[in-house]
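Common to both upcoming complexes is chain A, partnered first by chain B, then by chain C.
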Partner chain A sequence: MGYLNTILVLGGIQVIAALGLAILTGYTGLFSMGHSVYMALGGYAAAVLYMELGVPFILALILGALFAGLCSMIIGYPTFRSQLRGDYFAIATLGFAEAVRLVLNNTYKIINGAIGYLGIPKLTSPWLVLIAMLLAFVLAHSFTKSQWGRNCLAVKQDATAAQMMGVNVLKTQMTALFVSAVYCGLAGGLLAFYMAYLTPAMFTVTKSSDLLAAVVFGGMQSLVGPAIAGFVLIALPEILRPLESWRLIMYGSLFVIIMVFRPQGLLGYYELELGRYLAPIRAAYARLGIRRKAKVDAA
Partner chain B sequence: MSDHILDLQNVTVQFGGLRAVNDVSIYIDPGEFVGIIGPNGAGKTTIFNLITGSIPPTEGKILFKGQSIAGKRSDQLCHLGISRTFQNIRLFPEMTAYENVALGLHARPQYSLIEAFVRTPAAVRTEEQSSIAVYELLDMVGLKSLALERANSLPYGLQRRLELARAMATSPELLLLDEPAAGMNEDECDDLIRTIRNIHTEMGYAIMLIEHHMNVVMELCEGSRLYVLNLGQILTAGTPQEVQGNPHVIKAYLGEKDESYV
Partner chain C sequence: MTLFFQQLVSGISIGSVYALLAVGYALVYSVYNFTNWAFDAFMVVGAFAGFYTISLAHLPFWLATLVAIIATVLFSVAVERIAYRPLRNRNAPRLFMMISAMGANIALINIMNKAFGGAFRSFPEVTTGSFQLGGVAIGKMDLLAAVLSFAALVGLYLFLYRTKAGLGIRASAIDMTTASLMGIDNDKVAFLIFGVTGGLSAISGVFYGIKYAVYPYLGSMVTIKAMIASIIGGLGSLEGAVVASLMLGIIETMISGYASSIYRDLFSFSLLIIILLFLPNGLFGKKNADKL
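Right, the complex of A and B next:
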């Protein structure tokens, strides 16, 4: 039961982070190869706040997430300002992530560098992860449907046209990056209080590419897709543990296969539309209302 | 001081060794309809790019409503009241017709980021109210019934109309139309002329039109002015009749009669 629990919790945490990256990569069209850095920043910040400053657990999580979001502006402003897009932005994020990881690795005060920040209480419960995950999904969903989300999509599809139609491209990209970093920061905080320790080695490029894989596998303009893919990509290696190093080969080939045959990702533009399933019920309700009104009018 | 809504004063654009636009002065008054014609490569689209702030002039000044637009970003100019369509359609292909127009309408979100996440009743209400305006605009270009179609699934002519609706959604005072009739047949052109004329009389925008279809330009600029551009310079300006009779224009378009062949 403990083992299954662990997979579920780690999977749920990964889902939150993948949702964040989906907003940046899937909806705004910016590829980040270093999003594990925001998990690290969020995790360390939450742990330090709780352990050293006595901030309550939930508040520490939230503040840690916001801290990760603020840190993303350090890399976001200069890169977006100089209009780095595509590969160039991806490289910049990779560099930033590695730089921060090395700083953490060599900071021995309080967080013990590469040895690891130990003794964090295990406060993250499966229920908390489940609630956080559902909340993260619902909030992200309404964001993507909002005017803000629509601006993100427009910037992704044609930044020049979007700008001429009045969209502040810089602000839109910064917002998307901030939001995605907050999501990853929250995931990092939950992870810190579940693993009960933190080490910079938990947040390498591999972690980042796992997140990117979730978005690419799951679908480039979808939240459900990356969420499912994020979970599966955590659970699958556990299921395939006997195959151990073969899984990397499978990852690689899957990546190529998806890129070739389904570049939009498994779920592509599909989005879980609650409205679609509710529509018949709503229509029936509306008819009822009309009938009732007709009766009143007749009387 | 002039009361021109847009005033280009001796504007020059230099791309390396090429003078794409050379000492051009153009103006347009509020509510006026002005055409720009000229052979390919005459610098017409470059002038639109100047006006929308996507390239800076090398020399000269551009005034919009009496204010210099130097150093302003395209989105800022859009909010000041300049909107445009593109020569090669640039819709947001994977968004619906509705979303394309809605984007133009509210490129600056009307509610905060937090409200976007929490989806407060106030935010929902704003969206609902804006949908009325979106449908009105779609109706004006005859796309109301196709509101939920993806932009790239619409036929070419309708994409042009959608682009027009999107440009109108930004509530401009100056609308720049870059070859709206490109690739259209006679019937579609007639339709387009009617639509553009409707928009002009109903909305009262100043409209600047680049077009190659002579009958479209001549008909729309009837009773108004026309600039003829060639090799980055203004060849002549005047009413459609004046321009049509100008020997320089005929020369630029058709070339000169070579006596040695006779």
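Right, the complex of A and C next:
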């Protein structure tokens, strides 16, 4: 049971982070190679707030997530402001992630550098992760359906055209980055209070490519896809232990194969929506109504 | 003062390795408008090919470098065929190109990790020793790296500006569609660009492997630095890439000499952010119209 719990919790945490990256990469078209850094920032911030300053657990999680969001602005603003957004941003995120990891690795005050920040109480319960995951999903879904989400899509498809239609490109990209960083920060916080320790080695480039893999496999411009893919990609290696060393080879090859043959990802542009399945029922009901009305009219 | 000159020598040597890679980024970027993330893997292919030719076949250094170049060119051209060309042909968004490149990089590096193991191997000594110049010890390997890199860069310059194929590449950099209407074969241009940049990254891989060690993740930090250099120089600008690489190499070794090597990497990343804030087009940033 404990083993299953661990998979569920780690999977749920990954889902939250993958949802964040889906908003940034899938919906806004920005390629981030270093999103694990926001998990690190959120995790460390939440742990320090709780352990050193006595901030209540849930509040520490939220503040940690917001801290990660604020930190994302440091690279978001200079990179989005420059014209060649995509590549600059990807490199800057990678660089920022490495730089933060270097700082964490060499800060021995309080967080113990590379040795790791130990003694964090295990407060994250499976139920908390489940609630956070559902909440994250609902919020992400309404974000993508809101005007902000539409702006994100417009910027992804054609930034210049979007700007001409009155979309503030810089602001939209900053918003998407902020939201995605907050998501990853929350995931990091939950992870910190589940693992009961933190080391910078938990948030390497490999972690970032795991997140990216969830978005690419699950489908650009989908939330359900990345969420499922994020969960599966965490659960699968646990089940298929012998294949662990092949994991990154498969990820890399699948990136290429998917981009060449099915760039929209597994779920593509389709969102698993309740509405879609209710629509035929509603239509049938409507027809029924018309028939009844016709009967009434005839009578 | 001796320390200063000592660091300067090693800075020029590391800067010339950055330059080989940064020029590759700039060349690919100027034509295809995307960053070829797979240089990391190409560099490692070059380093491994060179390493095994010397340590197993006991061939001389120049032959090993040649083998490394040939192996890397093959890989580079193959990756272009498999991972980039289908996307390019259907005008896929740049995001897809980047993901595909990243995937090729992750796959190749981890295949090499699986095949050769993650151990650190030191290159058999090629040329050892150093000579003194006014109290400064100049390693023969450092000198060789700098000289060969500059020879390669001069070769690239001559190729781009003095040959017909180079003219074709420059035309494609300005406008690929128009260039192809003028009878320039896009696939041939791709072959040349990925061949040439693959060869350059092989040389950088061999030298970096000699300077430090040969292992599957040898390229991850250097290629980021080279990317930073090509951004600082202005993405797509060749001379900018060379100047910025040398600058970055020298400043970095100065910092690790006078302060600490932890600050070295922090400095590079902060410099990137500062440059993006104040000079978003880089030092030699050009408009799209006069690239290359």
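One rule holds in what follows: the second predicted complex is superposed on the first by the 276 of 299 C-alpha atoms of A that agree within 3 Å, B and C clash if a C-alpha of one lies under 4 Å from a C-alpha of the other, contacts with A are read in each partner's own complex, and residues count from 1 in each chain.
Here, a residue touches a chain if its C-beta (ideal position, glycine included) is under 8 Å from a C-beta of that chain, and two chains touch if they have at least 3 such contacts.
What you see is a predicted model; the values in this text were computed from it and never measured.
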Contacts of A:139 with chain B and chain C, given as first, second, both or neither: first
Touching partner for A:160 - first (chain B), second (chain C), both, neither: first
Contacts of A:147 with chain B and chain C, given as first, second, both or neither: first
Which superposed partner A:221 touches (first chain B, second chain C, both, neither): first
Contacts of A:56 with chain B and chain C, given as first, second, both or neither: neither
Footprint overlap on chain A, where chain B in one structure and chain C in the other make contact: none
Chain B partner contacts - residues on chain A that touch it in the complex: 139-140, 142-143, 145-151, 153-154, 157-158, 160-169, 175, 179, 221, 269
Residues of chain B that touch chain A when the two form their complex: 52, 54, 73-75, 78-79, 83-84, 86, 90-95, 99, 102-104, 106-111, 113, 115-119, 123, 127, 166-167, 169-170
Chain C - residues contacting chain A, complex: 29, 34-35, 82-83, 86-87, 92-100, 102-111, 114, 220-221, 224, 227-228, 231, 235, 262, 265-266, 268-270, 272-273, 276-277, 280-281
Residues of chain A defined as touching chain C within the complex: 25, 29, 31, 33, 74-75, 77-79, 81-84, 86-88, 90-92, 94-96, 98-99, 102-103, 106, 205, 209, 212, 216, 245-246, 248-249, 251-256, 259-260, 263
